[in-house]
Amino acid sequence: MAVEQMAQHYGWLIPLIPALPALAAVIGLVCGGLFLHRRTPVLTIGAMAVSTLIAWFAVFLPVVGSWWSGGGEHAFSWSHSWRFFQAGGQWVSIGVVVDHLTAAMLAMVTLLVLLIEIYAVGYMASDELFSRFHAEVSLFAAGMLGLVVANNYLTLLVSWEIMGLCSYLLIGFWYFKDSARKAAKKAFIVTRLGDLGMLVGIIIAFWGSGSFEFDTIFTWAKSAPAVLVVLTALGLFCGSVGKSAQFPLHVWLPDAMEGPTPVSALIHAATMVSAGVYLVARSYPLFYGMDGHLEAEILGFVVAPLKVVAWIGGFTALFAATIAVVQSDIKKVLAYSTVSQLGYMFLGLGVGGYTAACFHLLTHAFFKALLFLGSGSVIHAVEHAMHHEHVHEDPQNMANMGGLAKKMPRTYWTFLIGTLALAGIFPFSGFFSKDEIVLEVLFGAHRNPTLGAMALVAAFLTAFYMSRLMFLTFYGTPRLPQVWEHTEDSPKTMTTPLLVIAVFAALAGLPALPALLSAMGIGAGHNLFHGFINLGALAGYGVTEAPPLPVNLGLAGLATLLAVSGIGLGWVLYGTRVGAAVRDTAHRTAAIERVLDVPRRLYYMNELLYGLLVTPMFWAVRLCNEIDRRVIDMTVNLVGWLSVALSTVGRWFDQNVVDLLVNVVGAGSKGTAEIGKFLQTGRVQNYAMIGVAGLVIVMMVVLKLLGGA
Amino acid sequence: MAGHGPGPVFWLLAAVLIASALGVVTLRNMVHSALCLAVTLLMAGGLYLNMGADLLAGFQVLIYVGAVVTLVLVAIMLIAKIADRDLSQTQARGGWAAAVSIIVWLLLSWVLAHGTWTPNAALTEGGADAARQAKALSLALLDPYLLPFEVASLLLLVALMGAVVLAQHTALAERSDIKAALKEGEQRDA
Amino acid sequence: MATLQPELKANGRISFGSLLGLAVGLLVLVAAVGFGLHVLQAIPSSEWWRQGPSLTNLVRLYLVEWPASWHGGDWGVWNFLRPGRGAVPVITAILSWTIVIFGFMLPMVTYQIYALRKILGFMQARVGPTQVGPLGLLQTPCDVLKLLTKEDVIPTKADRWVFFAAPFMVLVPASMAYLVIPFGNQKIVDGAVRYSLVCGDLNIGVLYLSAISSVAVIGIISAGWASNNKYSLLGAMRSAAQLVTYEVPLSLALLAPVVWAGTLNLSQFAADQGSVWGWYCWPNLLTIPIFVVSALAELGHTPFDLAEAESELVAGYNVEYSGMKFAMFFLAEFSNAFILSAVAVTLLFGGWQSPFPESWGPLGWDAGIFGMFWFFAKTLAMIFGLFWVRATLPRMRIDQLMGLGWKFMIPLGLANLLLVAVLRVLVG
Amino acid sequence: MSETPTEQVQSPSAAVAQLDASLRAACPDDVLELSSLGDSPAWTIVPAAIARVGARLRQAGYDHLELVSTVDRGEQIEIVYLLDSMLHRTDPRRLALRCVVPREAASLPTLCGVWRAADWFEREAFDLMGVTFTGHPDPRRILLPDQWQGHPLRKDYEYDSDTMVQEILDAELNNDDLAGTDGHAEHDGMVTEDLAVNMGPQHPSTHGVLRLRLRLDGEYVRECDPDIGFLHRAFEKLGELKTFTNGIPLTDRWDYLNAMGNNMVHCQAVEAAMSLEVPERVHWTRMLVLELNRVASHLVFIGTYGLDLGAGTPFLFTFRDRERILDMFELLCGARLTYNYLRIGGVAADLPRNFIADRVRPFLAYLPDRLAEIDQLLTGNQIFLERTKGVGIWPAELCVSYGLTGPLLRASGVARDVRRVYPYARYDQCEFDIPVGENGDCYDRYIVRVAEIRQSLRLLDQICAWFEANEETTRGQISAKVPRVIKPPAGEVYTCVETPRGELGLHLVCDGGENPYRYKIRRPSFVNLGLFGEVARDQKVADLIAILGTTDIVMGEVDG
Amino acid sequence: MPSGAEPYLFLSAALFAIGLYGVFTRKNAVGVLMSLELLLNAVNINLVAFSRTVDRGVDLVRLGGTEVGGVALGVSGQVLAIMVISVAAAEAAVGLAIVISIYRTFRHITVDDLDLLRW
């Protein structure tokens, strides 16, 4: 059966993908405390498993199959809308779309969420709010899946906000911790800031095109005034910046590590942050315009949305990598790494590397989820050991670990795979996808050498901080021997998902292997992913496709060299005695400390905020105060003196002439009031009756006029 | 409906309706008054039936008689000293109120008598089929009037919560866990 | 040994005789309505056959159209009914409904009580009525006679009018529900209803049932209040709270099959459920427990019989009632048990449809009296289930009852409604 | 299940001397002389100091006020307090205090502040003997109507029926509002409507003629005042009027579900007063009927408790099973409720031939299955559990202070059983456990009784075994040698038996005549109900019924 | 031109006047509430009467209701009546809750004595 026909027949399954986890979540939230208790995961994981099955066997594999059997030419797209409600004569719909991008995303998201949910069964086993956690994660997954299948901005926004809500709930999951509460609030408010822009963008698009649907809006964008399109794109990008934690709205993501680790893996690696990237990818026609040269003059500046995306992404990639280098909390390193990698993706999108960015989006989701879950496994183990030994240290601080490779082999090996993938070592997935982006930046249609250099430096830093993390955590001598002694590898429910994800993290880059081989002269293959997801699908909206770039072996070599040297530097500094000595000296050197302090204190972002906003405001207030006291008060005093003089004159006149008149009037009103006061009884019913009587009189007057006519 | 006059059923319903409505506003015993209200509302339901608005009649009985009057009766019994006979209520401003009310009635009737109402032929000739009425009403509720429908449900929800809060405020304060939480908060503040 | 039949008591056996009594009771029920209505239908009358041989049409024929023919097509003495809408079906419905009430409801309830005593006796290792009439079959009629002839005591300080009206306020809604119950087959020929065994085939039947049953609460409150007795008032307040609470899940449970069937008409419900696999109980599996629990609560049966918890409130709202007025409450209670069972059967279990395929011969027949047989068999099975529960469970506490209603049944009812609606959309 | 190790009744003299010394040291002017009451030592105390001495002894571990008895000694009235210990191991185990007050000014301080059980005991003493207790919180009559004149147990009491009865009838009939008026009450600053409800004496759940004056706040009981005496039949007065032999049939009527136990306490007391030894077979026969009667009584409890909670079926099931026991009794003595089976020094008739094999053994085989059925219907029923678990929790201290005995006390975790503590018949030769509850809630009070049925079956098994071994050798030995006219020597004894409702005791004062001089019964239902006013407070009405059901009172016994 | 609804309209006017009288004269807050219900019912009768006679109707065919038969049926008034009924239910619940609160505070519900609005 052709896949289009299948879509006709099985299209109704698509809404089930988000609906089943949502239903499970609702049941879990309502009945969790009543009778489900610790059985909630059966429900949520069951729902998620069904969703995963649907996503893989009814969506992803048929789409891939149809594309493959069609010789890689056939682009599949199916979309359906249901009328939702009528507002102002206009029908608002909700709907779903399935195309290649959706299919790939669905496959990735469902699989990861399923594995993370299984992982969480072990990780959260001892938590009192076990049931609630699973229900909320399920709702979160529903939000993400809803977002992926949405075919219009309204559905997308709803799902987007469900995710926002769930991230708030999950980050603040341990609400009894003050820091968790603050982090949740911060995440919610900061992302809301971005969403505001997104809402503006959507409203502009709706106002212009009269619809929320992607099709209609993209078609409208072809002929719409550039300013409107650019504004829409920038608005949407605001949302992306918030959700994907790009500079300057990146501040929430590291704090969000307050949530349980499965949440970190779920929200901050696999799904939620990639939603921002997905949004830009999905709305690409709005950014790209005709031939990628969409720009408009706004407030005197010529703004090209694509460039904005590229620069913000590139800057964030480098900026966050430098911060990650100096973090001591294992999860914060990963968090900043995520910010940095997302920057890569935006960079890729910004230079026209649509496919490369989507590719990196998928591979990154796998290896970052792997890393987060691995770190969770480490934290879980260390925490238990600390608890056992009654040591009250921070279980997330790498300074308290070391040498764990021996104690937790399963976690260690999977973590190693994730690290190599992230560092971009051949043949792990990160190597291919990162390479693609760098290739696009340096040789693509919108190439920019500065950004390329930034990307390469970031790649070096990535390798460095990951090797630092590895050496501090898994190698060397344990810093807390008695804790180390009692550390045990995590239970099967946690490590099994790790193994599964590790396979994907290792192999997800392989579709790009033929391209590499062909560059080396073996065969004439190309990046299979390029064929699967490409701009060709957007051709109908005026997006023109550049031919895929051939793999540049030199560049690949350079990138590998940079990664290896980054790892080498990490080994030297953190894996050898020499390095320890060097670090020791460096820490005693005030100048180096001062330099390191800058990224350590997050480039003074918080201080900057104070410096830019709070302090000037304070000064302005003092200035106003001074002006008030010195200038205005003096004037007022002068006027006051004059008034006193004048009123002395006026008093005589007042007492002798005016008062007489007033008294007469006063006596008159008092007399009237004496009669009228009987009406004011304070009783509502009296008032009502008098009111109705008055109304009757008025009506009679009116009617008489009408009747006469 | 047109041309036939209202028919005897109407007059029967109307007579009972007016009599029981007068009972509602004049009887001294609150429970009797409430029972009269039930009769009035039932008669109004009968009038709807007579006009072919079956579905509405059902709602009228279900919600008004089944719920509102029950609520009123329960409230009366809660308020009245239980099982004590002191349920009488008194009137005030009788004369003035009667005058105003009668004038209002006359005025409304005058307006009605002088208004021009153009009947809709589709309704008066072929529209009396109750089955189609019910279907049409349902479709109207879920299609063009969906928004007001939803707003009404929201209103009910808010009213429900409001009623609970108003009536239960003391019970909330008596709950031990809330008490403990309040105490804890005070201690923390202090 | 002077003790009375110790072996019987010890072994908890039921005698063959009382089982026979039950069967006879069932047959009496079927006969009362089945033969009554069907013999009427068998009267040959060409005009009647042309119009469709139903009770409604029969009544219309003899009471309306025949007299009307005296005046050349005018309706004659019934002319006053003519303006307005649908007066004739209303009047005929009321007439046939009266027949059902007196010809069916009273004997039905009488033998329902007999069955209750026999069944409870069986379950509780005793024998139930055996002395009056053969197998004790005349016991309950005699009880009825006794109640009819008892002195009707009105407490001195009671509110006489309300005290008098309250039993009617409870009984009238209970009996009005019979108006829409399809006892038997409905044949549709050429798109028109040819004959059916339902008094008034209202198109809003389910809504009508909910509306009517909600009125009875007022009667109960009035009864409790008018008695001027604290126990009865407490009982009435409990009843009111309980009925109002469980009205909601019950309505939700009724709504689920309505959503599934897309009609409110009970005859339509029965007619639409063809073979046993087409019964609406299958998509409504969750509806059944919700319905049964809510129905138990609505009826005030164990374990929800708080309103008349004899160990706490002596007898609830009707403690001061005696004689015929008490009998009316009693009648209403048992009548409601029948109605709710009948509604469950009609909405979920195929009404008068036979559970067997037509090819099974007489077992598969469900036309006419066979349909009535199936209807009553299913309904009585439901009633038997209610009695069974009554014999088994202790009573809940009022706060547990309310908690169950508000915190469990209503959310569950809503979820079930959603589930059925989604199923409905999916199945198409 | 735990059990108190069997304690040897030790030689009293040393312990008594020690306690005597310490008492005299602590309260030098209050303690007058040391005498004895039956086996127990008795100290005579200065009336004004009784509260002080009581508190002292309470401190020393005598936490159980077993009985307050009064004896009209002519010019003086003697008040006897029996003390015992439940939670502590005191030595001597049981002791008595006597106060002698002048007849005309019979007044002494109350002990309500020491043992709360004193409340109803002292009200009863006032009602029947005219002793006033200064400082008593609620000095009303308890058994007789408020309008009653005089105190019937005084020897010089004369009954003036006409005027008094009329007065009482007038008072009751003209009382419009039996339960008092409704009103507003303030709870935690919240003004609520209170509803005064008069529950009983005609009410299905009051197990006869108990009347509870309730003040309800919605579904909650804010105040509960048990009013008793509607079934008062003056057993103590009648006991004084009958000879010792003629008194036996009257005992059947006290706690009519336990007539055998009542017979037992009467016969045992007279035998103790006469120092009469009964043959071995009599002991075992008595134990047989006592245990059968205990099973029958507990079966009634289970059934009626189900009925209280709205489950009708268990009632009929348990009555079907009880029928078997009644059949056995009928075979034994011809009666099914009021057996009059025990005699002073023996029993009325020997067991019929093959009674054990044909009747008792089959019953022992039959009942466990029926108990399993009960477990299915009630014990395992979720609604039943919801209704009983955690409802009406009585802490052990509260029960002890109120003098509770029997299953009610054991449900709260105190393993006290008269059969263990003061063994009678041949209980000391039998093995049985004392079931105790964990939480002291309604469920425990229910389940303790179910467990006691099983223990009784275990006891019956051993009893049957004895009969099977000794049937032929002992057949016919059913009475000791008893004089034709029974005239115990002057003196007093206190004996007690464990009935299904707790410790049934008899304080018997003899003056050498044919009739008892004073015949004071410790009625366990009466004492157990004393607690109810307090535990009913702030319960839901439905829970009130659930709790009242577990007290398993028999009004014939409560009202005396 | 007579539409056939006039008797209903006059009746509803009368009911309205009676309700108004009750609202003015009842001293008891519950009585006032009951009178308010009369007012609402008067309005409802009016609405239904109009919807069954002069309503131009909603074209239900356009809305997908083909089974209705292609006739524009007047149901707007009935829709409004349903709204009024639900509002009345809400009003009764809240109103009675307020009355009970008043009763708890003042121990009476005589409207005339609740003159906090005075001065």
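Order of writing sets the labels: A, B, C, D and E. Residues in every chain begin at 1.
The criterion applied here is as follows: a residue touches a chain if its C-beta (ideal position, glycine included) is under 8 Å from a C-beta of that chain, and two chains touch if they have at least 3 such contacts.
Bear in mind the structure is a predicted one, so any value in this text is a computation, not a measurement.
Comparing the centres of all chains, each the average of its CA atoms, the largest separation from subunit E belongs to D. Averaging Cα atoms per chain gives one point for each, and the point farthest from that of subunit A is the centre of D.
Between the interfaces A-B and B-C, more contacting C-beta pairs are found at B-C.
We define each chain's centre as the mean of its Cα atoms; on that basis subunit B and subunit D are separated by 61 Å. Rounded to a whole number, the gap between the C-alpha centres of subunit A and subunit E is 50 angstrom. Counting only residues that touch two or more partner chains, subunit A has 685, 689, 692. In subunit B, the positions touching at least two other chains are 1, 4-6, 10, 51-52, 55, 59-60, 67, 78, 82-83, 92-93, 96-97, 100, 104, 143-144, 170. Each of the following residues of subunit E touches two or more other chains: 20, 24-26, 104, 112. On the subunit D side of its complex with subunit C, the touching residues are 195, 197, 203-205, 219, 306-313, 316-317, 320, 323-324, 326-327, 330, 377-378, 381, 383-384, 386-387, 540-545, 549. If you check the complex, the residues on subunit B that touch subunit A are 92-93, 96-97, 100, 103-104, 107, 110-111, 114, 143-144, 146-147. Chain contact summary for the complex, subunit A toward subunit B: residues 85-87, 685-686, 689, 692-693, 696, 699-700, 703, 707.
Those residues of subunit C whose C-beta lies close enough to touch subunit B in the complex are 80-87, 157, 159, 161-162, 165, 202-204, 207-208, 210-212, 214-215, 217-218, 221-222, 225-226, 228-230, 233, 237, 240-241, 244, 247, 264.
Contact residues of subunit A toward subunit C in the complex are 12, 27, 30-31, 34.
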